[in-house]
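Pasting a structure below so you can have a look.
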Amino acid sequence: MEALLQLLFNGLSVGAVYALFALGYTLVFSVLGVINFAHGAIFTLGAYFTYFLIGGAVGANGLMAGLQLPFALPFWLALPLAGLGAAAVALVLERIAFRPLRDRGSDPLLALITSLGAGVILVNLIQLLVGAESYSIPVETLESLPVALSIAGAKVRTVQVMLLAIAGLLLAALSIWIDGSRSGKALQAVSEDPITAQLLGINSGRMIQIAFGISGFLAGVAGGLVGLSVSIAGPYFGIGYGLKGLGVLVLGGLGSVPGAVLGGLIIGLAEACVPAELSGYKDAVSFGFLFLVLLIRPQGLLGRPQANKV
Amino acid sequence: MVALTGNASLIGQDQRIGLELAESEFGGSTPALSVRLEDGGSDEQTATTAFRRLLQQPVVALIGPSLSQQAFAVNPIADPAGVPVLGASNTAIGIPQIGPFVSRISAPVSKVAPLSIQAAKRLNPKLERVAVFFAQDDAYSTSETKIFQKSIQGLGLKLVTVQRTSTADIDFQKPIADTLQTRPDLIVISALPNDGGNLVRQLREMGYAGLIAAGNGMNSPNIYSVCQRYCDGLLIAQAYSPEAKTAVNRRFVQLYQKQRGGTAPPQFTAQAYAAMQVIHEALTRLDRQESLRSQSRNQALATMALPELRRALNTILLQGTYDTPLGEIRFTPEGEVIQKDFYVARVKMDAKGKTGRFALLPNPSPATP
Amino acid sequence: MDAGLLEQMLLGALLGLSVYLPLRCGQLSLATPGFFAIGGTVAALLSTRLPALAGSGSTYPITSVLLEMALAALLTGVLALGLGRVVLRLRGIYLAIATIALVEILRVVTLNLEFTGGALGIFGIPQPFDSAAGYAAFTLALLALICWLCDRLEKTRPGRAMAAIRDDELAAASQGINTADTKLLAFVLSALVAGITGVVAAHFLNSWNAKLGNFDASITTLAFVVFGGSRTWLGPVFGGLLLTALPELLRPVGDLRLIVFGAVILVGPLFFPQGVITPELFKTLKRIMLRPPTPAAQGGKP
């Protein structure tokens, strides 16, 4: 029992991060049918924004060395603000890297490359401005909570449980919005068929902007939250999740929002099942699992069979 | 040539400061020496092009590259070209053996690593069960862990588990939970500052209270911001200690702090600085020697043909003994560094858990050359 | 120009062609870095472990390199034949992810195996050429050969079948084209090109490790093709040459160089949605040169 519970905790702990990362990632796919390679960079930005808003100072190596905001916000206020900042960047990105392609009806493959270019710019800009060193949100931020929970002998860090809970909350909020509101329904219509949606009087362009804004917000908040659990490991912080995040997305079903969370948890659990002697093969196990799922069920666990979108 | 972009840019960033400090310190005196910095990226391809670019210029010697894997790719190009290459951060076995023009001032892993295990044993004589973690995708860490494991067994300790992690990992819940079940008294980590620092923090948060010894890869003040107050008590094997009380090191620390504020210089910065110092001192001696022979003053080096200058520099460089911030160093004829002092430090964090220092442990065993 | 950079550009062009071949029949396969890594590992293992290949001269014999290439081609070809049957049932992004998953599995396995040298890799790979110029000449010949083969391919039946599948797979199938075999052919050819490119790269880089075939490499090589154009073999060649050279040519801008590089990748597709090199470009060029326009010879869309 204890071993099983520990296994579950181990899986949820890793899975929570994947799920958070994939939420915003999948939203853009569901609407545009393209993968936004700059998502990892926006996630990174969210982490840095949070760090600065809680009063963190820039290290010694960037152009902005030593800079610090004159005020320090509490974490719970800084986080949504960082999300808004990330959303603003995502909107700019949509305007520069995605909209011109859509206006011309270009091959969706191109968006992979333009967003890749945007990601390269963002990452190197971060390095230029604030350096490559790691930053961190003080461990004391959650001071009143115990650092780890122990249930029936199995242990897990509190912050990971919190990440998972927040991922669940965001998922619920997103689902309620998509299924329960006018704009959410309009978003669904656009993702099914943008041209018909346009004919029905839905402003597709605007809906896509909304999707990007929300996706950026989710990425930013995810970045800040993960930054609470681990250090912000330099400009490549979020890029490192790009590959696993993609795997999570596909496993859950591309474009399926609950699928993103489910995919994250399943990959986390798959990795948790690898015995210690084979710990080196952990990533091969998760990708092997993904590969098998693709062969058996190409649309992913919760995805619908889809036309040939890229 | 150092990594200014890509995921090794944290190393390159530290090295750049060391090179620039050394340039301002030694650049003015004769023979004048200046640094031509190129970004070697974090991959072999970028490093190759950057090296070739530098080889086409009138450089007397090369310092770099940042990573051992890059050294295996680029040093075989510089060696036949007859340009001395001095590695400032390559620690893998086999690098000085690439050729006569390849040498390094970064001590190989085999020298530094065992010291921290011995120190742990002194701190806790009842120590028995040891768990090992290493980052399997990092060349340094994979070599270091072999040395660690050998010396753990050499001391008669019991190796209870070996966990492979990756430098890209951030959540260590699973390997930690597995490890804690083996009830270790000491956990030994070979990793880089970021992943290693996160691992230390998570070990403590998950309730591990025993000793932790980290390898030389984590000997960087960059860990303070990663594991924060949980860094406290961490044992670290050092090829450079900012607390070493030599005049040269005090001067270096002072230069560093004048430019960067109160923090202590990282090992990569000290090693890059020392590499420049070694080249500068070798050139000075060469200058003196040539001046005596040709009896012209201060012009001796300028009149030498570049290939000849490079050859002479390489020869004289390997013969000298240098008093650097790393302590006294010299070279084997092959180009391997012989470093006199290694250290084991224990991290002491300040009350706020924001920054700390590497407090030297008493009686570090002198390394046998 | 520096011959070393030229060599890397040529290798980039070859990798571009490897991604291009499946894409020409509409298959987004990102397995190229995996086959590239296998080719490199084959060369690294054979040339450092088999004294029989070393020859008696001061340089490593070219015949041994050719032998390594043949073996790498055999290995990657057989592997691609087996894997292709399985993965090519997937489409679009799903195929891309499945191939990325394979590349990642290969990387992790290479890291863990003892005989591939773990994270440090295999080093001290012998040199068949004294200078980078030698490599460049050899690789140029290889590239020319493969370009010629691609050109032949595009003008023959399988090449036209590939283009037809790309335009509309169902229509192509109804015209009696064996779509599964055609796609498999493209996939295997792609693997062969990547495998032999890996052999050359391993010698050129003196060393080989697991990092050389990773996710980043998958995406970069895809950028070569999309940037250059994916409807004629000249597109990926151009993209590979240019995008490999660009970060190096941008060295004068110092710390800004990768930012400018990113901007070029971002802006390129906006101005050239079909890639820089398109069959139409040739037609326009020919018209400018006052020759009567000929029908598109490339077998792409008219």
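Going in written order, the chains are labelled A, B and C, and every chain counts its residues from 1.
Note that a residue touches a chain if its C-beta (ideal position, glycine included) is under 8 Å from a C-beta of that chain, and two chains touch if they have at least 3 such contacts.
Keep in mind the model is a prediction, meaning the values are calculated, not measured.
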Contact-graph separation of chain A and chain B, given in steps at minimum: 1
Chain pair, B-C or A-C, that carries the greater number of C-beta contacts: A-C
Farthest chain (mean CA position) relative to chain C: B
Geometric centre distance via CA averages, chain C-chain B, whole Å: 37
Inter-chain centre distance, chain A versus chain C - centres from mean C-alpha coordinates, in Å: 31
Multi-partner residues of chain C (at least 2 other chains): 111-112, 255, 258
Overlap residues in chain B, where contacts from two or more other chains coincide: 5, 136, 164
Residues of chain A engaged with two or more neighbouring chains: 124, 280, 282-283
Complex contact set, residues of chain A against chain B: 6, 9-11, 13-14, 17, 60-61, 124, 127, 131-136, 138-140, 147-148, 150, 154-157, 160, 226, 229-231, 233-236, 240, 271-272, 276, 279-280, 282-283
Interface residues, chain C side, partner chain A - complex: 28, 86-87, 89-94, 96-98, 100-102, 104-105, 108-109, 111-112, 215, 219, 222-223, 226-227, 255-256, 258-259, 261-270, 273
Contacting residues of chain B [partner chain C, same complex]: 4-5, 38-39, 43-46, 48-49, 52-53, 56, 68-69, 72-74, 76-77, 80, 92, 94, 98, 136-139, 141-143, 164
Of chain B, residues touching chain A in the complex: 5, 7, 9-10, 12-13, 136, 161, 163-166, 168, 170-171, 173-175, 177-180, 193-195, 197-198, 201-202, 204-207, 222, 225-226, 228-230, 260-261, 263, 353-354
Complex interface listing, chain C residues touching chain B: 2, 4-5, 8, 111-112, 118-121, 123-124, 127, 130, 132, 204-207, 209-212, 247-248, 251, 255, 257-258
